[in-house]
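Input: structures, listed below.
In what follows, subunit A forms one complex with subunit B and a second complex with subunit C.
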Partner chain A sequence: MENPDSSAEQFPTILPPPVAGSLPTRTGVARERAWPWLLPMVFLLLAIGIYPLIFNIWNSFREFNPMKGRVEPVGLENWQRLFTDPRAFDSIKTTFIYVLSALIIEFILGLAIAALLNSGPWGSGLWQSMLILPMVVPPTVAAVMFKVLENPDYGPLSYYLMKMGITSMQEPLLGGNGKYAMQAVLIPDIWQWTPFFILILLAGMKALPTEPLEAAKVDGANAWQSFFGVTLPMLRPMIAVAVLFRLVDLIKVFDYIYVLTSGGPGTKTEVLSYYDYQRNFATIEWGYGSVLGLVILVIAIVVANVYVKVFKVQW
Partner chain B sequence: MSATAAQLPVQTQASRSSRVRKQRMWQIGRTLLAAAVALFFMLPIIWWALASIKPMQEIIAAPPKLWGFDPTMNWYRVVLFNADPDTFNLEQTGAVGRGSGGATFYSIPYLKASFIIGLCSTFFVLLVATPAAYALSRFRLARRKDLAFWVLSQRMMPPIVVAFPLFFMYRKFHLIDTYPGMILIYTVINLPLAVLLLMSFFDEVPPDIDDAALVDGASRWEAFHQIIIHYVGGGLAATAVLTFIFCWNEFLLALVLTTGKIRTVPVASSTFTTAFATEWGYLAALGTASMVPIFIFILLVQRHLVRGLTLGAVK
Partner chain C sequence: MKETNDFREKMAISNAINSFYAGRTSRRTMLKTLGAAGVGFSAAGMMGSSRRTMAAPMRAVEAAQPDDVTAWLKDVGGQFKGTTIKVVSEETPPSRAIINLKKDLFEDITGITVDWEVVPLDQVLAKVSQDAAAQLGANDIYYFDQAWVGRFINDTFDPRELLSSKPDLAFPNYNIDDFLEPLVKHIATYGDKMIGFPCDVPIAMYFYRQDIYDEMGLKPATTMEEYMANAKAINDAMAGSGTYGTVGQMKSGHYALECDMTIYLWSHGGSVYTADGQCSLNDAAAITGVDYMRELQQYMPAAVTSYDWGGQFTAIQQGQGGQVITWGEDFPGWDDPVSSKVSGLMTPAPLPANAAQRKPEEAGFEEIPDLGHQGGSTYCLSKYSKVADAAWVFLQWATSSNTQTLASVIGGGASPMRQSTFDDPRVKEMEVVGAGTTRHFPLMLETIQNRMGTEPHLPQWPLIATDIIAVELGKLTTGGYASTQEGMDNIKKLVDEASKQ
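Take a look at the complex of A and B:
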């Protein structure tokens, strides 16, 4: 082996001597009953996977009546309301802007940093360990941290951005008229989840065969050409998986918005999850909240499925 | 390596040594850049940890100070040891808030609740997921792939869609504000991760070992829990750590399904910010205290982290 890969686990070293091939095997010969092994998992997942769906559909045809203090059937009213509610459409638009911005920035930064760490700097293991840490900070704690860092009066991040002339007293990063509100909620997301791309893409790069790269070198390709012409195409499956996981998580984004801006100022950073939360728990419009919940679910399912089809994700 | 070197034109001593020097410069540059990136990502954490030992006027000082302040333990005294904030010198800490709306700064109850819920959920997740993962890895199931994909799709469910129906169900069964309620839902939402991750570890254990045990007269169950389980020890540890971290960090469901009798760390952090606008020292102390255990856990299993984050898709 020219390049012993430290991350690949060589299994046979801890195995007992191999069983002779002539021995009769029982795997798959008798059809074993699998359901006792699977039943608890299937039951729990069905309870949480199917029940909320049915509840939401049923509840979307009813609404809480604050005058009478109870829930009443309202027919299709909630669904008609969805199509005439500009705030719902705005929140869908905000969600898409948030998801795409975060995804693109995190991917590009992650790819660049992974390439840097893969180019063999000294102490790359140490740098990698340091880069893991932001990812496991509780998102609410991260959001609180950045709420202080971005505070217009004394937050260090705000202070330096103003000093550099990017933001101003009138339009600080957080607060003011909210010119930069979207950036303010994206920053903690990018800080926490760029490492996700770094880790996965770095693992992918380390697992790539070295022959194509050496061949490219012999053919006179420079580092730039061999990265975009050889490494990147070979990384495609890893990129597809990493983007998919990030994508479905981004559609659910809630914590940063809740802590940093509460969807504000106005509804500038109100993503769909937060709007749904508002309808369910702040204005107590349970039926309409269920409609919005179903909308999120449909968007998540459609986006994930289209993505899997378009990019042919192998999982 | 030697093959490519042989193809290079013969070089003079001088040009070779200048090339070596140039390579060394690049190496130093790469290392410095990697170190700078890693430090940059660590900076918010370092700053937050420092804020937890700074007096109030230093936290809000502009320009921010990384050193040269009088450290104070007062935030930790209140947060971890239930000291009375009024007894401290106000000039030094700026600690005036007493807590309202049922939230106090004394955070041991929050940390305790997060630990109990995290540990119990992790235990039940492993209990249910391990046999299911084994069955998915070993048994001949008619629709094995579909079943695995269904499990994966459950991982992508947006929590806000689940939260509202669960809120009603929990109210009916008096599970709001209870440990069993929180442990139940955290067990279910972490099952997909655990099942798929463990499945990828079981897949690496050759089925010949099971067959050998079965031929020797062991039952499936005996082969599983007496023999095979010992080959996936590292996988179980990694799964446990990741499950625990996801429980520890979860916010939305805890926010909806508890009202204050039980409060997890993420919910406590978010109520601190909304209820008391300026008591950052308490939040820094609680945030730092809540990050330390998971930093230790994650660094212990970091070599399995990539696999865990992609549910076994990237190894």
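Take a look at the complex of A and C:
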């Protein structure tokens, strides 16, 4: 084996001697000397990540005064308002209903379809390719598409639901008294994001070692027992990642609500992000809007961490 | 520029209509061409994101600009050659028309570039608010809904002052008195200050299906009772086949719902405020008006609670309504044979008489209770503009008599602001069935002059109208309250709290 000292002599300009008192890295470059290379990225992160966050926190202590046309300091007023605003609490509740409904349905459907595709049915390659299509459609476009599909007068989806006796002209998917308003906004979400679960879980299933499954078969396990007893536990890391990604994404849901129901009827489908949007754009309450934005951030962080702890997610 | 299918379709439509109006092709040939390109327009109408649907296609017009205007643009506008001015507006018929006209008739002559940003109404409000708060002059010309005039009173120049203080930049024979007086007073003025020039007036008008009325022996309603009776009769006879008594714009939480409510509120003697500044949305007259709206809702498609103005426009266009009281600017789109099933069938009629009416002096915050709800808007020159002179030249040109007339005759539904536009022979020529018709203009003028209703003007109004009234009404119209009284009591409470802030 070559002596490191002789190597340093051989390439003196590339590998300068370590600075006294610092730990040499694998390449021999001192940690301090890495900073110039990292600075551009650090500035970028500060500009697009940290600055908006700090600005938002600062803004949460100010409010736009429409009478004066200026933003003024209001102290803790916006934060106090948060705790006395029933609409904010309702929107948090609606957000959780939406998130849980979408997550559970998308996961179960995704898992079932992934298992089906993993069994290698005819045309499975084609189906897998087609599954990507919904995900490349911008959510707003998907929402507009479903606005047409769900229209009670000419929407095919609405037509078939009425035919099956699930909805009616008096209580259609969209409109009426809003009995199915939540379902109306969940449908495009499920259509668009179930393939995300399918693709991740399918990739996970294909990567699983075959030996445990073969051993289970030798031990006399049937297909169901193999799936729930062997495949599913081995898929745990993939499930954890997929659920976490969707969980965080769902907490921020906006497009389907904005296009399909505008949070209505009343506030039945008003999720937190839509309520926040209304504060910022419709009523021009930028300070309170910042508070709600921070609440979304906190909820996303807390929920994600709780999920990781409770389900003992291992990376 | 790459030619898209959509672009080619629109060009085909434009060429076909121009040829027809120039007498070079028959109506049949025109319709055949339009039919081939019609799908794109029908699909576009479903979006409904704009405040008033861009209904009828634009016609290319001869660059008919008076010589003195062209000379003024060269001499006065030419001084600002190379300047870029920024405009932010909602996509409304007049905005779209001026965007189409500005290149040939303004930019090419003056050398001024007009960067016109079109965004949804709520984002216009957000952008203008940001601009006003930061005083940066990011936009030079603002588009204001009439509901915002009180909010931005200190952020724009008074155009009357500019006309007198800048004689060297004055448009030849601009004639500010040519603007209809009710529009100047109720759309573009707050207190004594004029904040801009009126540019658009969607106003509630009464339209009915001539074929259905004839078939059923109905007469245009002259009272609100008759209007309800007609709606019921049509609904009873035809709802099964997909044509309902009427249609509404009752999307919960949407400003459109508040607009519909005020139509029925005002026509039954109610008002949002009384003269002492207290909300009166729960008094007996208001309850009668809102109950009327809820009764009328029974004769509408169930989907009306998801319709904003775009949804309502499409519903009528698809033949779902036997009659409606709504924005006059929708009418040219319904008359468009390319995308409408009811071309030539919808007929304008005088508004029914109010069942009761509160006097303006008994209402508050400049509110004018009457059935002809107006949702007008203004173009205003920002006080923070860094190129205010160039922007002022453009603003005068865009709101001048000739430009306004061209905006009204190229199709799209732009309503006139000036008496001279209503009287112009080019406008009169278009009083025929077809895309971009002006055959509703005489009744529109009558409504503006005699039946115009105006919402209260107070700085908090955008919040109150959308965030309180439209949301709570959304609950009320979908069974969220036990009674109208309960819902309106809550609305009054919330409105009074917001008004005090």
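Here is the rule we go by: the second predicted complex is superposed on the first by the 274 of 315 C-alpha atoms of A that agree within 3 Å, B and C clash if a C-alpha of one lies under 4 Å from a C-alpha of the other, contacts with A are read in each partner's own complex, and residues count from 1 in each chain.
The rule is simple: contacts are C-beta pairs under 8 Å (C-beta built on N, C-alpha and C of every residue); 3 or more make two chains touch, one makes a residue touch a chain.
The structure displayed is predicted, hence computed values, not measured ones.
**Q** Touching A:V185 in the superposition: subunit B (first), subunit C (second), both, neither?
**A** A:V185 contacts neither subunit B nor subunit C.
**Q** So in the superposed three-chain picture, is A:G263 touching just subunit B, just subunit C, both, or none of them (first/second/both/neither)?
**A** Only subunit C; A:G263 stays clear of subunit B.
**Q** Quick check on the superposed pair: does A:A216 touch subunit B, subunit C, both, or neither? Answer first, second, both or neither.
**A** neither
**Q** Counting only touches as set out at the top, which of subunit B and subunit C does A:N280 meet: first, second, both, neither?
**A** It touches subunit B and subunit C both.
**Q** Touch test for A:M205: subunit B only (first), subunit C only (second), both, or neither?
**A** A:M205 contacts neither subunit B nor subunit C.
**Q** Mind working out whether A:V99 is in touch with subunit B, subunit C, both or neither, as first, second, both or neither?
**A** Neither partner.
**Q** With both complexes superposed on chain A, which partner does A:D153 reach: first (subunit B), second (subunit C), both or neither?
**A** both
**Q** Thinking of the overlay built on chain A, is A:V291 touched by subunit B (first), by subunit C (second), by both, or by neither?
**A** After superposition on chain A, A:V291 lies in contact with neither partner.
**Q** Report the partner of subunit A that touches more of its residues: subunit B or subunit C.
**A** B
**Q** Would you check which partner chain A:V144 touches, where first means subunit B only, second means subunit C only, and both and neither mean what they say?
**A** A:V144: touches subunit B and subunit C.
**Q** Considering only the contact definition stated at the top, list the common interface residues of subunit A for subunit B and subunit C.
**A** On subunit A, the overlap between the subunit B and subunit C contacts is residues 144, 147-148, 151, 153-154, 280-281.
**Q** Can you list the subunit C residues touching subunit A in their complex?
**A** Of all residues in subunit C, those touching subunit A are 46-47, 122-123, 125-126, 129, 132-133, 151-152, 154-155, 242, 251-254, 301-307, 315, 318, 320, 459-460, 462-463, 466-467, 471-472, 474-475, 477-480.
**Q** Which residues, counting only subunit B, touch subunit A once they are in their complex?
**A** Contacts found on subunit B: 1, 4, 7, 27, 30-31, 33-35, 37-39, 41-42, 44-45, 47-48, 51, 59-64, 128-129, 131-132, 134-136, 138-141, 147, 149-154, 156-169, 185, 187-189, 191-192, 195, 204-212, 214-215, 220, 231, 245, 248-249, 251-252, 255-256, 265-267, 269-270, 272-273, 280, 283-284, 287, 290-291, 294-295, 298-299, 302-303, 305-306, 309-311, 313-315.
**Q** Name, in rising order, each residue of subunit A that touches subunit C in their complex.
**A** Contact set of subunit A toward subunit C: 64, 66-67, 69-71, 144, 147-148, 151-154, 169-172, 174-178, 260-268, 270, 278, 280-285.
**Q** Name, in rising order, each residue of subunit A that touches subunit B in their complex.
**A** For subunit A paired with subunit B, touching residues are 2, 7-9, 11, 14-16, 18-19, 23-28, 31-32, 34, 37-38, 40-42, 44-45, 47-49, 51-53, 55-56, 59, 113, 116-117, 119-124, 126-134, 136-149, 151, 153-154, 156, 159, 191, 194-196, 199-200, 203-204, 207, 214, 217-218, 238, 241-242, 245, 248, 251-252, 254-255, 258-259, 273, 276-277, 280-281, 286, 289-290, 293-294, 296-297, 300, 304, 315.
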